[in-house]
């Protein structure tokens, strides 16, 4: 594959400073995360809450600057606003007092594009929204419709990359599937590139081609989606997959956070002595796994 | 295997619009029964109607018969004292927002004690010991720490386990779970479900599991009912429905679930 | 929102009072029989009657027309002064809230300093310094001493709105900052200011009446509720109606705005 890449992240780290009274806490949200978004492939990032995935999303669109590491974009993607973000909660991502038609026109205007009715109709039909909704307020729309509006608004700026942070977690199952299928169609029509961030492994297996599994700010496994989900190597990936499959045969375990060594060691059933040291990413077949079990 | 809950032609709604238009289903003793429906369908209202926790301007009709030691009690006809005897003792609830169900100003242990003191007539010290025991039984390796914690000091998953402990404190016959895992992470969801299943098998109570997530239901409950537009459109053994959906909506629902 | 206020009885009364007084003020020239400043010594100190609805004052001027014209003064001072205060407050508050850091610190310290002055005495001093200023200057002075409330309210709203997803989305969409502040942040931050402004009008009316009563506001013969009260002091025993009616108007109008403001606050909760 000699296709170019759209975004490349090298050892991205982000530490937040939190002040509680007179104490200052440092929270390491991301710890040396590296990834590649190749052209025309959909990248998935699997992580639960606390994994740092939302922080990563915000760093990718330029809302937050990484504390360490390099972010390389193809061309002027970031400066021109060609990389957009779709949030989890559709209602809070729209101005509650602005009619959706006006919100779209605003984006078109500042992109220097025509905001004629024809253009609006084109965007509405892209996201499969009836044009009659154009004068509604977000509160007058359903969750699914709001999310489509958010996608429409992002598309109005003609992006090359759309990052979707749990785009359907707050939506009903039937509506979610329709929106995801819609996104697939849009990919074909507009040659769009996606990064999907979700904890829904089923969704990730349906739509993504490459997968990154993140736990507490570290990449624990990366590879092609079908490989990772069919045969997860890292113990955390295995836990995620059995949770997604609703596999009741695993035992109960309790959380415990520790900074040193492998970040998963306190929950890991395969824990060994060497896990006191942080494992690097080992190469195994087509994949990378951050686990001492796969040491060469 | 007798019936423990019999819902007959339940109609619910507000003056402006009806929400449930004739819902009927039965739950047997010791059975896990799932009610699946999308958001806004009235699942929560349905649960609340059993113990008359509905908002003031809601209307209701029909029968909700609860079978308690061979006595048939229509829950919708109960009032005050009788209702209080059942609500929180024989029928317990677990809600979606576990952290919101806890009093933010009281230590968690004290809140579990409360259930034991008021409903089971425990005195202080026995209540404290029993609370610790309950916390241990829901999987906390350090029940003392949780007992002394405040709600904001624990995670969502831990809070839900606390809710299960509180619900089980009163030794209910029927546990109603309204979307208990919807706000939780994937791995935590599995934890909670396993806990519920384990407790159910150990103590033998019935569960009414209300959710919009079909994937949860497949391995968790034997019986299933699908709620759509205010009616039960399909009901039966989970396996059968998954293999052989009878209605268009059910087929659409099954097709929309992303399978791994 | 207006519909819901109409349902609340107190809010409805407040709204009706405000509308009534406003119409009186607007339609003044059409509803009075006599000019407010035309003297007629022969008809001085007449009690309310068919000819003079509310009676006459010591110079024979029709009290009804003086009160109606006085309403014009009071209400225009109320609206304009609060308008000035709100505009200044929005500008300072949104700049402080959006940019934060040292800009916020400087603006907020300035606001704190202004708040240290008891506003009425500040107004009194300014007015006395300027030796019988025009009514427009009075509006400006009241406005310049009451912008602090709206400023803090807007700043607080913007501080919390700044982190909302829809604002972040606009930043990612490269919508220019002034547009974000003017078209998105401020419209969503106005609700608490609306309450503050409505109550502020009541307060401004009281300030103007007090100034005029003390002889420092609107000067006779131009009628203002406050200066009618001032002139009525000497004839309180003989002609109590000259004191009663302007006082009643001030009471009802201030009450009206307060009720309306409270109803809006309840609504927004």
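The letters A, B and C name the chains in turn, as written, and every chain counts its residues from 1.
Going forward, contacts are C-beta pairs under 8 Å (C-beta built on N, C-alpha and C of every residue); 3 or more make two chains touch, one makes a residue touch a chain.
All values derive from a computational prediction rather than experimental measurement.
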Taking each chain's centre as the mean of its Cα atoms, which chain lies farthest from chain C?
B
Which chains are joined by the largest number of contacting C-beta pairs?
A-B
Report the inter-centroid distance (CA atoms only) between chain B and chain C in whole Å.
55
Please work out the Cα centroid separation of chain A and chain B, and write it as a whole number of Å.
32
Which whole number of Å gives the spacing of the CA centres of chain A and chain C?
52
Contact footprint of chain A on chain C as seen in their complex:
164-166, 168-176, 179, 183-184, 187-188
Inside the complex, what are the residues of chain A that reach chain C?
58, 61-63, 80-81, 83-85, 87, 89, 92-98, 106-107, 110, 150, 153-154, 157
Per the touch rule above, chain A residues touching chain B in the complex are 48-49, 143, 172-174, 176-178, 199-203, 205-206, 229, 239-248, 250, 252-255
In their shared complex, at which residues does chain B touch chain A?
38-39, 139-141, 155, 157, 185-191, 193-195, 197, 212-216, 218-220, 252-253, 255-260
